[in-house]
Structure formats: C-alpha cells, structure tokens
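In structure tokens below, several structures.
Common to both upcoming complexes is chain A, partnered first by chain B, then by chain C.
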Partner chain A sequence: MLKIDDLHVRVAGKEILKGISLDVKAGEVHAIMGPNGSGKSTLGNVLAGRDGYEVTRGNVVYNGKNLLELEPEQRAAEGVFLAFQYPVEIPGVNNTYFLRAALNAQRKYRGETELDSMQFLKLVREKLRVLHISDELLHRAVNAGFSGGEKKRNEIFQMAVLEPKLAILDETDSGLDIDALKMVADGVNAMRNPQRAFVVITHYQRLLDYIVPDFVHVMVDGRIVQSGDKSLALKLEEQGYSWIAERKLVGAA
Partner chain B sequence: MNSESIDIVSPIAANEAVTEAMNRRYSAGFVTDIESESLPPGLSEDVVRAISARKTEPEWMTEWRLKAYRHWLTMHAPHWAKLRIDPIDFQAISYFSQPKNRPKSLADVDPKLLETYDKLGVPLHERARLAGVAVDAVFDSVSVGTTFRKELAEAGVIFCSMSEAIREHPDLVRSYLGSVVPPGDNYFAALNSAVFSDGSFVFIPKGVRCPMELSTYFRINARDTGQFERTLLIAEERASVSYLEGCTAPMRDENQLHAAVVELIALDDASIKYSTVQNWYPGDENGVGGIYNFVTKRGDCRGARAKISWTQVETGSAITWKYPSCILRGDDSVGEFNSVALTHHRQQADTGTKMIHIGKNTKSKIVSKGISAGRGQNTYRGLVKVEKGADGARNHTQCDSLLIGKKCGAHTFPYIEVKNPGAIVEHEATTSKISDDQLFYCRSRGVSEEDAVSMIVDGFCKQVFKELPMEFAVEAKKLLEVSLEGAVG
Partner chain C sequence: MNALLDEFGVGDAQERDESWRYSKAALRALSQQEFALALGDAALSSALIERFDWPETRGSRLVFINGRIAERYSDGAAVESALQIAHENERVALTIAATLDRPLHLVYVNVPGAQRSRWTASCDVDVHAGNATLIEQHISDPSADMLGSLTSNISVASGADLHIITQSDLADSASLYRRSIAHIDGVLRTTHALAGGRLQRFDLACRLNKPKSRYDGRGVFALRGRQHVDVHLDVRHSARNTSSDILWRGIADQRSRGILHGAITVAQGADGADAQLQTKNILLSANAEIDAQPILEIYADEVKASHGATVGQLDEHALFYLRSRGVPASDARTMLISGFANEALGFVDGPIRARLDAWLAQHLQLTVEPTS
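Entry: the complex of A and B
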C-alpha cells in the first residue's frame, strides 16, 4: 500500500529526514517511536502533503501512485488521513458541516455520489455510537474551544467518518488521560481491517498496550535505526531510547 | 431571491456555487440594451429644476431640492476617511436616466427589464409570489415596479417608489423627509437631497406587523450616470418591518457615483430591521472602474422602546463610505449594527456606525467583521456617544478583522464620547489571518483550498449572517465566495 524509499526531507534548509524506508501493507499496523525531535511528525506531515517540507531525495509510492505529486486534498481523497498532533481550530464553522463538506469532496473526487444531509446524519450517528462520543460534538465549531482530549477525539471521529485506507496518527496519545486514550484506541481497533493500514506515531509505549502493532520502528535523528515486533516497544519502555541512540552512534562510526 | 435553488447547509451546493462563481466572476456585470432618456451631464439649478419637473413634483419639493443644492455649493467633499479618492467631476455626471418606455404598471414593464431582474435573481414577476417578498426595483433613476401592492395595501402598508409617495402621500413625505438626515447633513447627503431621483418609500401604520419582507433592488445600467436614491421608512407605534436592499451595476472602466440617503424612523415600540447586500461593481484587479458608494444611512429611534437594526454585507464598490447609524432618542430604545465588509484587489472601504445614546437605558450593539484580501484596505470607523441624560446606557462593540495575504490592510478607529458617568461602553477588537495551518487542515480532509477559504471566511462572518433573512444569507455567502476568488495562492 505504502512504500517509502530512501526519503530525505529538509525543513527550512535543515535536513530532518535522512533516508527513511518503510513498507506498509494493507491490514498492518506500524508504530513509529522515537525521542522528541527525531523526525516522526515530519514524516506524517510529508505524507499528508504539508507545505514547507522539501523532499531532496527518495520517493513515496502509495497504491501505485507517486504520493508526493498529489495535492493534500487529492491524497485525502485517495484515502490518506493524518490525525493531527495539534488539531486546528476553525471558529464559526460547524463540525458537521465541515465533515460533510470533506466527505463529499472526497466522494466527488472518487466519482461516488455525494451524501445528502439525511444520509450523512445517519452515517454520523452510527459512527458516534461505535466510538461512544456524545453528539454534542456535532453542534460545535471545528475544534473551537475544545479541550486537548476533545480535539483528539474529534480527530478519531473524523477518521471514522472519512474511512481512510491509510491512517497516520501523529502522537494522538499525547496529553490524553487513560480514559481518553482507551477511547482513541478502541476507535482505531474498531476500524482495523484487512484493507486498512495504520501508521501510529508515538513517543510512549503506553498507547501500544491498547493498539497492538504488527511492527515497531524506532526513529532517531531522521533515520529508522531499529525495526521489530511489539516486543521492541516493551524493550524501549524498560530501557529508554539511550541504548538505541548508542547503537546509532556505533552504526555511524 | 430564489429561495429554493440553494440549500444553505449543503456543502454540495456551496461547492457548486464556487464552481459557478469561477465561471461567472462578477455576474451582475452585464449591460441591458434598453432605450433610456437621460439628462445631459452637468449640474446646475436648472438641472435640479429639470429633475423635479420631470417628476411633476409640487413646488415645495422643488424648493427643498434647490435649497439643498445651494447649500451643497458651499460645502467640500469630506477628507477625513482613510480613503484615496480621485477627484470627482460632478459636471461629467448625468443626474437623471430612465428607461424610455416608462411602465404604468408591472404588466407594462419592458420584457428586457424583467429579464434583467430575472438574471439578477430578483423576483419581480410571478416568481415573486413563490418567493413571498415584495419588491421595488429601481433601474438607474426610476422605480420600475413594485410587487405585492394589493396585499400590502390590505394590511395598511404603503410600499411604493419615492416619486409616487411625493405625489400620493405628500403630507407623510413632507413631515418625515430630511427629519433624520437633514439636507445639509454632509456633502453627499446634500448632493442627494438636490438631485435624488427615486427610491423607496415605506410606511407601516400603528400596530401593524408588515406581513412580508420588503425589498428594493437597485441597478445602475446607463453609462455616465450617477444613482442618487432616497429611501424613507417610517414605522409607527408598535409597527414592525424587515426591509432588504440589494445593488448591482454593469462592469465599466470609469467610476460611477452612487450617493444614496436612507432615513428610518421608529416610533414607540416599533421595530425596523434593515438589511443590505451591496454588490456594486468593484472595479477590476488593477482598480480600474467601479462604483463610488457614498451613502448616508441613519435611523431615529424616536419613540420609547423602539428598535432599529442595521445589517450590511458590503462586497462590492471600488470605494465604500458608509456609516449606518442609530439615534437612540426614545428611552429604552435599542440600536444594532451588524456588518461584513470585504475588500479585495484595490477596493477600499471606510465603514462603521454611529450610536448616539440620548434616552435613558438605551442599548446598542455593534458587530463589525472586516475582511481584506489582495491590496484591499478595510477601515472600521465607529462612534459611540452617550449624552448626559442617557442614564443606564450600554454599548458593546466587537470589531474583528481577517486578513488574507500580505498586501492588504485593516484599520480600526473607534471613537467613544461618554458624558454620563453611569454608562457602560465595551469595545473588543481582534485581527486574525487565515493561517496556513487552517488551510492545510481543511485540505488534508479533502476540501480544496478555495472551498477552505470560503468556509473559514463564512465561519468568521457567521455572527452577522445569522442576522440576515435566510435568502439573503445564502446570497451573501455566495457573494463572498465570488468576491474572494483568487485571493489565496
């Protein structure tokens, strides 16, 4: 589904990603872990198409397409979803309206019929029920005045409605209490299926107790320095990132 | 307004509207090929007399105009606004233009005219029945037809053109005309008083709630003409009315002058809601052409517990100079001003309001939303004045600016004069930008950049849009989309 090959990325003239390669197949959950500043969020942003990220080498193929050539809205319509680390507030724009505009724009791009308000409302109610979110969320402006937890919940809700093929969760667990964390994990687990892949970016192992990954990659200073199964995450939890960092130094030398 | 074509909560419709907008740009910019008779350009006492004569006005009206004209000659154009205005050659303007075949009734209206209003989406014909809005349409200088007369007459409401009111209801006109905006009030009001050609007249008698929305549609068609309409709206005790006005003009290279005067009078317990969607031709990207929109609008809450509410959406005109105001004379009277003003390309707007608190426990609320894009300059200028006797007066002002791009400007000039120590006056102001983060967030969900901008702008304006009647809210939203086209990227 997603094949990243030797990706180098600069932000404001500084090289942040220094050769990332990653192969994600449908149905898989990949966790990307690493210390702050290792380039995890940069990877998420580059995949979603944010401006200001200059790809200097390498390529990204997503379902046979050159992902880097697509506009952010095209990527979304092709099924790429980024759950933001810091979801953005849009005052005055109703959450339901926003989500319906987004879904219908995607459907239009894919040549599917757009949903009318009744059909959309039905879909939304169903998703709310699965996620155990109150419908009060629907009547508020997009993220405006939301608490940190509510914002993250709203991201998961959007993901559930948009039903992406590839979901990238950028530190969705940061700042969440245990209940909110479980809710996020439940949402993700409910959406796991053989056609859908997840890339879960996280700083802590905690989230992976609830979203059990198929693969864990450790990123340090713009490179993936170690990959393994879920036991790697546990090892990181016990021993911290320092042993990995040392390995990296050895590798570099 | 065509209420059935757009569903306000439908993003599908919104997207179609944007696509449509991209194809049409300034869609009201066409010229109707219709024979008109105009006075030759120029302004003099003879011209003022000629206008009055054409309209077979009584002597007192002619004298009123001449007095205003003589006063105007002693005045100078105001320079205090934050606007760059090229000098206006008042002798190059024709002060009167009317379609040659003047209709006697709506049935006689030239089909080409009806077609014009049809293109603009104004229900002047049988569609009016569906839309349920009574319309007076002013084409260049004269009113071409008022719909729903009979239904309104049954309720005791007078809704007709100003010329007709001067003929048919001279006493009403005489006692109220100029009582809120005196002929010598300011330069452009004086000019209007001398040469005004037509406009709408509304009278809602005691205790009557006007059974439908009233609406006037102004259209400048002829070349080298100015439009100087005059609107007078009176709501007697316990009467209420909601009134809408819309404006368009063809695209032309030269600047055309629109200097209107609107006077509102609300007696005890009366309520007037006055909404404007102003879409005069704004000029092109380089600032060539466009309408000079220099308008004096003022409402007088003459009675106790009277309420006057102004709502305006200003997207058109090369230059807008306009301060719809409320004189809160009656005790417990209420004034409101809700405004969205957008300037794109080289447009300039200096707009705001004056709230004059005279009566006790008078309240006013101001919500101003300024949007600047391109090289647009947007100024809010407002005065809140509390007179000595206005015990318990309250004002709340909220003034927000949204900037799109780096070459535009937003300016705020709030003036506050309080002579009563017990008054409470609050002012809040914010300036924000559409951030790259907001745009990226929308796009990452599948929404195109253009739709994202209109969505964010719409959210910014929501507080004002909800004050507009439904059909106008849809229109206003569409207008903003069209006006902001190409503002990003």
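Entry: the complex of A and C
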C-alpha cells in the first residue's frame, strides 16, 4: 500500500530525514518510535503534504501513485489521514459543517454520491456511539477551546468518519491520561481491518500496550536504525533510546 | 479644498484632521466631484426589490429611496401599535413605545439619476420601552455613482433594549457617510456587516449615561477591489457600573482598505465600568491595508478594561488542517474566512442570520479567488 524508498527531506535548509525506507502493506500496523527530534513527525507531515518540506531524494508510492505529487486534499481523498500531534483550533467553523464538507469533497473526488445532512448525521451518530463521544462535540467550533484530550479524541472521531485506508497517528498519545489513551486505542482497534493500514508514531511504548503493532521501527537522527516486532518496543522501554544510539555508533565505527 | 471634510468632520480642525486621517485622500477625491441632488421618487427594479423583500419583514418595513421615504414600497402595518413614525421630507423620527415582536426593517436604496448625485437624510430613533430589533440595510443599483449621508440621534431609555443590525452592500461607485450618536440609558447592541463601497464611513458615538447602561458592538467588514471602509467607534462611560464590549473582524483583499478606530473613554467617577474592545483582521493580499486603532482613556479609579488589535494573514496551519481532511484549497480558504467573520455575528440568529451568512459567504467567495 505504501512504499517509501530512500526518502531524504530538508526543512529550512536542514536535512531531517536521511534515507527512510518503509514498506507498509494493507492490514498492517507499523509503530515508529524514537527520541525527540529524530524526524518522526516530519515523516508524518511529508506524507500528508504539508508545505515547507523539501524532498531531496527518494520517493513515496501509495497504491501505485506517486504520493508526493498530490495536493494534501487529493491525498486525503485517496485515503491518507494524518491525526495531528497538535490539532489546530479553528474558531467560527462548526465541527459538523467542516467534517461533512470534508467527507463530501472526498466522496466527490472518488466519484461517489455526496451525503445529505440526514445521511451524514446518521453516520456521525453511529461513529460517536462506537467511540463513546458526546454529541456535544458536533455543535462546537473545530477544536476551539478543546482540552488536549478532547482534541485528540476529535482526531480519532474524524478518522472514524472519514474511514481512511492509511491512517498516520502522530503522537496521538502525548498528553493523554490513561482513560483517553484507552479510548483512542479502542477507536483505532475498532477500525483495524485487512484493507486498512496504520502508521503509529509515538515516543512511548505505553500506547503499544493497547494498539499492538505488527512491526516496530526505531528512528534516530533521520534514519530507521532498527526494525523488529512488538518485542522491540518492550526492549526500548527497558533500556531507553541510548541503547539504540550506542548500537548505531558501534555499527558506524 | 475639502468641502466634504467641513461637512462630515466633527470638532475643531485638528480633531477633524485626526479623525479622517486614513480616509482624507478618499474624501478629497469625492469632494472634487460635482453632485446633483438625488431624486427621491425613483422606481425600483425588481432586482433591487428582491434584495430587501424578505418575508420575515413584510409589514414591518420602511423603504427610503435616496434618503426619502417611499410610501409605495413601505408597509409598517404589523408594528403600528408599538411604532410611531413622523417624517418630513428627508427627516424621519421613529418612536418605539413597546416591544416590537418582529424586526423593523429600514431599507436605504441608492438609485442613480442621469448624473452623479447625492442625498442627505436623518433618522432618529427613540426607544421608550421594550425590546426592539432594527435592521438597517443599505443597497445600491450596481451603477450607482452616488454619495449618501445619513445621521441619527438614538436614545434608549432605562430598561429598554435596542439591537441595530446594519448590512451595507454598496456598489463600488457608491459612497456613504453614516453618523449616529446614541444616548444609552438601557442597553444598545449593534451588529455591522459591511461590504463594498467606494468610501463608507461609519461614525458611532455611544454615551453610557445611566448606571448599568450597556453597549455591545459586533461588526465585520469584508473588502476587495478598491473598496474603502472607515469605522469610528467612540464609547464614553460617564456613569457607574456601565459596560461596553466591542468585537470586530476585518477582511481585506486586493487593494482595499479598512480602518477600525475604537476609542473608549471612562470618565472620572464612572467607577465599576467594564470596557472590552477586541479587533482581529486578516489581509488577503500584499496590497490591502487595515488600520486598527484601539484607544483607551481612563479617568476613573475602579475600572475593568482591556483592548487588543491584531492584523495578520490567513492561518496556514488551519488551511493545511482543512486540506489534509480533503477540503480543496479554495473551499478551505472560504471556510476559514467565513468562520473568522462569523465570530462577529453572534447577536444575530434565525432567518436574518442565515441571510447575512449567505450574503457574506457569497461575498467572501469572490474575495478569495486568486488575485495574482
């Protein structure tokens, strides 16, 4: 589904990603772990199409298409979803209105019929019920005045409504208490299926207790230095990132 | 030579100069043109009538053509028990003695004659008791090369509550000078939604004279082309425990110009006053300009006051957020700008709000077309 090959990315003249390769197949959950500043969020942003990231080498193929050539809204309509580390507050824009516009724009792009407000409301209520979120969320402006936890729940809610094929979760666990963390994990687990893939970017192993990954990759200084199964995350938890960093040095020597 | 500055300026030469600082050149250009007196008995096209013939204000509508009341388009039957209308030529006085159960719709239509023309009128509003909503709508024929001037004395008695919603939707060749002074013993709320116009100047002076009297002002201007809107708010707290709360949004694209001057004075002895003023503005083009001037002068001891003004660009993070969910770039821009404007329309609801929203959205959609 997603094939990243030797991806190099510069931000403001500085090389942040230094040759990332990653192969994600439908149905898989990949966790990307690493210390702060290792380039994890840059990877998420580049995949979603944020401005200001210069790809200097490598390529990204998503379902047979060159992902990097698509506009952010085209990527979304093709099924790519990024749950933001810092969801943006947009006062004055109603959450329901925004989400319906987004869903219908995606459906239109894919040649599907748009949902009228009754159909949309039915869909939304169904998703709210599954995620145990109050419908009060629908009447508020997008993330405006939301607590950190509410913003992250709203990201998961949006993901549930938009039903992407590839969901990238950028530190969705950061700043969450254990209940909110479980809710986010339940939301993700409920959506796991053979057609959908997840890339879960996280700093801590904790989230992976609830979202059990098929693969774990450790990123240090813009490179994936080690890949393994879920036991790698546990090892990291025990020994810290310095263990990896030391290994990398030894390997380089 | 600026004859219009003499006519529209208030105070001594220095005050006039200061108050027209950002619009003097625009006013001078108007001043140098010749105007004939606009006729008040023109017939209206169906396209113009459609713009104000709202079902919810049938029976509570007064239509003014070039400043003069036009009986054949006006009908106040639904509100006649609470409303008294006195008029003589271009001078109108409205007295509201009890709650109006539906909004009173005042429509000012600019209809051009054979040559460039102008009109001058006044409309005083006196609310003795009850709650009233007044909608003041300014519209013009697309080719109206005109200058209108409308002044008002407004008074709101203790215990009374007046909400004035002003929608100004003028052609790029039409100008309007609008000055009101409000003596507020009760509560006055205003909502302004302004677009278009060669030069639109809104002066609103609010005098909070009685303890607990209150003024709340909301407004938005959305400009493009070479449109020019200049808003001057002057709020004076002169009694104890008075409050004012002002929130404006400004949007300027292309070569347009917006000015929001908000002056709040808390006089000596007006202790317990609460005064808030906030304005946020977005520039959509490098050639647009917005000047936000909040001024706070406090002479009393116990006062709660704050003011803030920002001028910036559309939030790129928010734009990316919307696009990353699938909303196309141009729609995302419109959504953000409409949302920004919506924050200033919180006092208006129901069908009138829906009308304002639709009108602004349409106006903003045009505004956010790529300009380069």
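Worth a mention:
Everything below uses one rule, namely that the second predicted complex is superposed on the first by the 253 of 253 C-alpha atoms of A that agree within 3 Å, B and C clash if a C-alpha of one lies under 4 Å from a C-alpha of the other, contacts with A are read in each partner's own complex, and residues count from 1 in each chain.
Here is the rule we use: a residue touches a chain if its C-beta (ideal position, glycine included) is under 8 Å from a C-beta of that chain, and two chains touch if they have at least 3 such contacts.
Predicted, not measured: the structure shown is a model, and the values here were computed from it.
Overlap between chain B and chain C is detected when the two structures are superposed via chain A. Residue contacts after overlaying the shared chain place A:R100 against chain B, while chain C stays out of touching range.
Look at A:I178: by the touch rule set out above, it reaches neither chain B nor chain C.
In the superposition on chain A, A:S117 makes contact with chain B only, while chain C stays out of contact range.
In the superposition on chain A, no contact is made by A:A12 with either chain B or chain C. Of the two partner chains placed around the shared chain by superposition, chain B and chain C are both touched by A:Q158. In the superposition on chain A, A:I90 makes contact with both chain B and chain C. Annotation: chain A residues 48-51, 71-73, 75-77, 81-82, 84, 87-88, 90-93, 98-99, 101-103, 105-106, 109, 141, 158, 162 touch chain B in one complex and chain C in the other. Within the complex formed with chain C, the chain A residues making contact are 48-51, 71-73, 75-77, 81-82, 84, 87-93, 98-99, 101-103, 105-106, 109, 141, 158, 162. Note for the complex: chain C touches chain A at residues 315-318, 320-329, 331-332, 335-336, 338-343. Only residues 48-51, 71-73, 75-77, 81-82, 84, 87-88, 90-93, 97-106, 108-109, 114, 116-117, 141, 158, 162 of chain A touch chain B when the two sit together in their complex.
Interface residues of chain B facing chain A in the complex, by the touch rule stated above, are 7, 9-12, 14-15, 435-438, 440-449, 451, 455-456, 458-463.
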